[in-house]
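What follows is a single structure, and I will ask about it in a moment.
Naming follows writing order (A, B, C and D), and every chain is counted from residue 1.
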């Protein structure tokens, strides 16, 4: 029997009939005593965050919930419900789309910050090494839409400085992020400000989350907007909603 | 141009370069000022909850995050990462599975409570009408594993009573849920206690969420456990992890 | 050990190291000897189709592969690859959308044909009973785009008549489908011709496939178009492609 | 108007009311005249294959349909239907799992063959360069289960030789695959035979499919097995089927 039970191993949850413990805490001791963001932290890391950590953590979660129906994931969620899908399936089709390009920039930005942190040399040399290995796009900086500035980034930066002032975090990754922004702005000859992915990645790095979790947490956060839009579309109705009004169709460029 | 812009309509988000407003609130006024559960509520309903409502709301969100690797969704998330999927895709495959049977009981329980609420007749007659139309399974009551009792349900019930005492909610749906539990226990000749779906549905009904959102909110909540397990599995490693140890395979019962 | 191996039971595949048998046929006897549509039939039903059955079966599979980028599933597949998703994930997000409204009409049409077949009474009474129970939309008839006629339906109908003439199928469900079309056209006072779902459903019913497989086979067929569009988009490039050109955004109708 | 219509461009499908043309062919000229594998080829490449090409192409499609319930994707499809998901959603959760590790080996093997083909140097040097850049796993060779040999590979190899003899393909990539197999077997001191991914990749390379399509075509092929298992499970019934019998649960190794 043991080899079968051993096939699935976890340090997250322990269960017997009438008993559920998460990370060692009976569930009834958590319900009503920890907040939802604290619960997220506990599930991912095994310990409970301090109040200061929680405040910074949930600022990041709050900031990334939505970017409107022009985002492929949000459009997909809205189209999905008009195809007859319940909310769970609509959410799945949408969260699935938060791939390397749409939802992966936060993860890549954490990797970038760690790369700069560990790099033995100047910030300029570190960035040159990064682009040589990973391509010309610097994750976390610049935005094709929010010019000159993404309003979420300075707000999150202020909260990090506040938290660093209160010794909640070290501020080390905020310094790194600032240095990267300055370096690439100097290279481009124009200010290339931090975007939402760069800002949330800075927070996740400050709080000690590993890079893949920046993507995972973005998925949790964006799931809120995805759900809200799917639900709004369900109330609006519609059947088989396409991307553009039916009159427009598409351009055929084949034989 | 207007017909194209009108094709996508939303009351959730307004955006211009450098400006994002959610439900009428500039995003920078929300970040650091509202909690993550308040943000979820705001996105789904358009207003901000009171402190008492938030407390009850997040108790429901906290309670449903995980049910272990025997749950098909959690197993799927863990298998998915061993197939080489990043966290967003693993979460999608798993959330997708929260269908009528796995994640729909909360939605059905809210529908049941509303049905009983509107029914002109005794609780017994209301339940008979429900089972005649919807089948013998009463959503929200009984559990195949947690016998005699699911530890989450009494804890959530206590919080509802507390909230009703403080006039945060009316307690009306808690009464209905209690009455249903008594009626079906009397019919079965044995106590059939409320389960997690029945308990969270009671809270969502008390707070005025419509039935489909009970499923949607369950998906948000369970996404936390799904993410935690996917991440743990990613750290454990493994390639193409099957459901049972390789030695066991399956029973072939064909020609 | 037996209870673990018994947990997964199948009559589809038997396997030992160095041996794979599908529906009782060693895989090496199938490769190069059966066509892909015959293999699909074998996997779903356990026997091999005759040549006549295969011909009709693959006509249905060929007919439903694509309906262009205005279809939510095709649009989703194309958007997905611009989010950085590999083809498997793009296909998943898209196939997921083939729900009750987008991909379920074939299944519903088979159900309708069986309902009419079993109904003790006139075709008119059968349809009235159907709409009373299932709502006003008659699956398989009418099309919001292909007016007056969907070019696929008469072609498939001709193949069914040809097959019935050669005793490959009985033609019974073709007669039922014709009778439904006449009845609802008479009711509407205008011709409401069979659409692709009605036509493929007629073929699947003639061939003895159960209703849910009409949806499943549609998913297989449409997966071809989904893959083709995802691949074409991957070659076109693009990042985070939204539903409309960026200049259009959406209409905000909130506070 | 043109910028909106131009936002979606395709050479695959042209459509007006009453008219559908795929790759320039009116759909009614394809239905009943091309086989399903020919249709797949046409959609992906724009031309129709010869009879010899079709035969080889569908041998690859037939060979990869299933690998049983121990495969994570098949297990997921079966679990999904017991969660209440219709077939489209079950297929999506499963196809989604055909990621780099589970469904990507064919794509990687085509890349390997192209790498060896273009490499200026011995086969040994080419493989050394590959493993230096891509890691120690050689895609397409060896199998953890089918020892000593996967029965599908020699059968597919025989068909490629047959096709090369008839000038359907050049046999160039078969030679490369053979050379790789010999080289790595010599290195390991034991025969490391070609597996199904290596064999289908060889066929796809011979037929001129680009590497990502080897994954896409695997997804199409495996979708057949996924659908067959989902449907069989739907008939078997069950609710919230976990990976192992309920009695076994999992091993908790946390605090």
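Here are some notes:
Going forward, a contact is a pair of C-beta atoms (placed from the backbone, for glycine too) under 8 Å apart; a residue touches a chain by one contact, two chains touch by 3 or more.
All values reported here derive from a predicted model rather than from experimental measurement.
With every chain reduced to the mean of its CA atoms, the largest distance from subunit B is reached by D.
Chain centres here are Cα averages; for subunit A and subunit C they lie 37 Å apart. Separating the centre of subunit A from that of subunit B, both taken as means of CA atoms, is a distance of 22 Å. A separation of 32 Å divides the Cα centre of subunit A from that of subunit D.
Across the assembly, subunit D contributes 4, 6-13, 15, 68-70, 75, 85, 89, 92-93, 96-100, 103-104, 145, 243-244, 248-250 as residues in contact with two or more other chains. With chains as nodes and touching pairs as edges, the resulting graph is complete, every pair of chains being joined.
Within the complex, the subunit A residues that touch subunit B are 3-4, 7-13, 15, 17-20, 22, 26-28, 30-32, 34-37, 39-40, 43-44, 55, 58-59, 61-63, 65-70, 75, 78, 86-89, 91-93, 95-100, 103-104, 145-152, 154-156, 158-159, 212-213, 215-217, 219-220, 223-225, 227-232, 234, 236, 244-245, 247-248.
Across the interface of their complex, subunit C is touched by residues 4, 68-73, 75-76, 79-80, 82-85, 89, 92-94, 96-104, 144-145, 239-244, 246, 249-250 of subunit A.
For subunit A in complex with subunit D, the touching residues are 1, 4-15, 23-24, 46, 85, 89, 92-93, 96, 243-244, 248-255.
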